[in-house]
Amino acid sequence: MIQRLFKNKSAMISLLVTIVIYILVIVLVSAGLLSRQLTSIIIPVCVNVMLAVSLCLIVGFLGELTLGHAGFMSIGAYTGALITLNATALPAPVSFGLALIAGGLVAGIFGVLIGVPVLRLRGDYLAIVTLGFGEIIKSIINSLKLTNGAAGLSDIPKYATYKQFTLVYIIMILMILLITNLVNSRHGRAISSIRDNYIAAEATGIPVSKFKVIAFVISAVFAGISGVIYAHNVGILKPGNFDYNRSIEVLVMVVLGGMGNIKGSIIAAVILTLLPEVLRGLDDYRMLMYAIVLITMMIFNNSTLKNRMFKRKSKAVEKEGA
Amino acid sequence: MNVLNSIIEQLINGLRTGSIYALIALGYTMVYGIAKMINFAHGDIIMVGAYVLYLFVTLLHIPVIPAVLITILSCAVIGVVIEKVAYKPLRKAQPLAVLITAIGVSFFLQNLIQIIFGATPIPFGSIINIPAIRLGSITISGITIVTLSVTTICMIALTWFINKTRAGRAMRAVSEDKGAAELMGINVNGTISLTFFIGSALAAVAGILFICQYESLKPTLGALPGIKAFVAAVLGGIGSIPGAMLGGILLGLIESLSKAYISTQLSDAIVFGVLVIVLLVKPTGLLGKQRREKV
Amino acid sequence: MALLEVKKLGISFGGLRAVDDLTMSIEDGSLVGLIGPNGAGKTTVFNMLTGVYSPTNGKIELDGKNIIGMKPNQICEAGIARTFQNIRLFSKMSVLDNVKIALHNQVYYSLLEGFLHIGAYHKKEEAMNAKAMEILKVFDLQEQADYKASNLPYGKQRKLEIARALATNPKLLLLDEPAAGMNPNETAELMKTIELVRKKFKVTILLIEHDMKLVAGICEYLYVLNFGTLLTSGAPEEVLHDKRVVTAYLGED
């Protein structure tokens, strides 16, 4: 397998970039060259990258809009937090590991429960129903005793601060790798074919419903794991953290990255997490700017301007994924 | 006797809420029928209408009736502008792109209002000062009377417009077959603009009635009624005007009875449940036409 | 027993009886045409054969097995592949990927192997690439393997659709107006391609067509549909000169 790696140029470059970034961050942090503001944002960047890449699978590759992504994040976050808060007898790495697994698993189970009935719908209807589920999940968390309702959970052990960057980075890279691999496999092609023409996909032997659920569940699991890391980074969870605005934020990253473009989603996630920190003064206008980004990206994507700009690429295929 | 009274009161409440949903649903259904898209931002026009009314009445002290008229007109114009700027460029694009843009517009409206007016809820005194009526042991509030009358008038007016005027016929033609309508000399762009004009005007009316009932403004006030009205439109059959009216009233009744006899929190979940059930069992809704995708 | 047996097939949409009392028998290895004026219900028949529509009554049997009630992807696995009246390619994917998708059910590796690119992944992907290129070569599309499917010229897009359908290894291939939008040269080329496909892939073909030259040129047997019912059937020479058929087309040739 290593030999295969060396043969593949773009994989080599990706590996190189991955290692360089890692070393860069480690060096900057240990040399104390980053302000407190910037060190505290390292893990949130990773979390957003994971959220964006997992949503990209659905919006970019399956071609469906889901507006409840934050809901899966919250399920994972709360599950993970409840485990680490209660498993005080276990050593930290074990309880955190359990939290990660459980967070992903429970989010995945909800992905199945919601996905199976709902994924038969398409387009606008699917979007609205997922929006509804996102709100319902928030509502339930808000009223459950287990999750401490509106007060939320606090004093969650901080197992995912910048000091644990290595662990989080590895998880993030793994997630990116898994999704990139998936997209370049027969299952990934099946998922993309549903986006391009679901009628033709079915006629060509692809079980559309099954793959929609598979994509949805994978995305939910990864969102759940991101949630666990988020919870153990900020130490506090409130139902309001995972609202419609959050889902839209992640959507903007995927759209800005160019739908169906994993690298784009990563870069957009990094930029859109760093930018608000840098542009603190414009915080009020952030959501408004996101809205404008969504609208202009869509119009630009579909305009003749774009076609003229990228005319030389028109014959060659724009390869998907990494 | 008391049980009967309370049921009747709930039914009247349901009719009132339902007629507001019906007004909003009409906007959804007309836009869907003619522009073949779900205007996700439609619910937020309601919110804009409420704030604009607040602006004119409370901040600018314009007398009630002119203020109401200007509010309706402003929202109608805003609707047309949104269509021209955000939706028209995407007429030939994939549905997903239009959907994302509509969400962008919705988000834009919410946040723009929030920047201008702030996120804190603003109290607003109802401008409707009609006394309540007593029918036996049941009291019908002034607001309810006005809401029911206004919505009934609007629905009758809209039905007349669609069926008896030239512009209305043009709208029906475009919703049947855009290409053929164009070839027949119908101004498709103008018709679509008119659709957004009327739909947004109705949303403004709904917003005014809504704010007089609930008397508190916040930037997200349009989101939930908007979604519920969408469910109503789907329930009645998306694309069907009588369907929107029927769906709206039905949903209002379902919601009112759920709130009273099951639970307020669950009533929202029940509304979504209705949507899922309708879409899984009879996607064309109660009065909708069977639209087969050409294979 | 014929490969495809259709017995008294019918479907109603609301009050409209779109297809009524249709009986067809397609022999293994034959090339049969389904013709009739526009709106006769031909594509509706295809849609019933491929599970897109559910017939109201009648029977459809492939190799003796009933296929009514099966989902389109199951019918594809059972051995029926199709092309569409309005080309339905996977427009954003490459030409090669369009064919590789069709191999989904024939070349297997697990989801885990797909995630990690381990185990059978590389071998099977190479096998898929090879098989897909082989098929593309038959249609002279191998040079454009990396092109985005929507960037191909119209004629090649139609060929790609047929290539994709054949990649599913079907027993029965349904072609819905394959010559639509083609000039006489392209049509002649298509006729040669269809003959080649028959020989190379040993597949039974049922096609819908309006181009009578093509129909007369390659079909061994014809079914004529009009207003959803079978008008007549038989060898092309007889059917195409049948007065009723000519009238149905209202002088169309």
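A, B and C are the chain letters, set down in written order, and residue numbers restart from 1 in every chain.
Keep in mind that, in the parts below, a residue touches a chain if its C-beta (ideal position, glycine included) is under 8 Å from a C-beta of that chain, and two chains touch if they have at least 3 such contacts.
These numbers come from a predicted model, not from an experiment.
**Student:** Name the chain whose C-alpha centroid is most distant from the C-alpha centroid of subunit A.
**Tutor:** Using the mean of the C-alpha atoms as each chain's centre, the farthest one from subunit A is C.
**Student:** What chain is most central when centres are computed from CA atoms?
**Tutor:** If we average C-alpha coordinates per chain, A lands closest to the whole-structure average.
**Student:** How far is the middle of subunit B from the middle of subunit C, if each middle is the mean of its Cα atoms, in Å?
**Tutor:** Centre separation, subunit B to subunit C: 46 Å.
**Student:** Rounded to a whole Å, what is the gap between the Cα centroids of subunit A and subunit C?
**Tutor:** The separation of the two C-alpha centroids amounts to 40 Å.
**Student:** Just curious, how far off is subunit B from subunit A if you go by their C-alpha centres, in Å?
**Tutor:** Distance between chain centres, rounded to whole Å: 34 Å.
**Student:** Which subunit A residues sit where two or more other chains touch them?
**Tutor:** 199
**Student:** Listing for subunit B: what residues touch at least two other chains?
**Tutor:** Each of 295 in subunit B touches at least two other chains.
**Student:** Mind pulling the subunit C residues that touch 2 or more other chains?
**Tutor:** 52, 84
**Student:** Taking the complex as given, what residues does subunit C use to touch subunit B?
**Tutor:** That would be residues 13-14, 43, 47, 52, 84, 86 of subunit C.
**Student:** Provide the residue numbers of subunit A that touch subunit B in the complex, in ascending order.
**Tutor:** Residues 59, 63-65, 67, 117-118, 120-121, 123-125, 127-129, 131-133, 135-136, 139, 143, 199, 244, 248, 251, 255, 284-285, 287-288, 290-295, 298-299, 301-303 of subunit A touch subunit B in their complex.
**Student:** What residues of subunit B sit close enough to touch subunit C in their complex?
**Tutor:** Touching subunit C: residues 290, 292, 294-295 of subunit B.
**Student:** Inside the complex, what are the residues of subunit B that reach subunit A?
**Tutor:** 37-38, 40, 86, 89-90, 92-101, 103-105, 107-108, 110-112, 114-115, 223, 227, 230-231, 234, 265, 268-269, 272, 275-276, 279-280, 293, 295
**Student:** Under the definition above, what is the set of subunit A residues touching subunit C in their complex?
**Tutor:** 1, 4, 178, 181-182, 184-190, 192-193, 195-197, 199-208, 214, 260, 314-320
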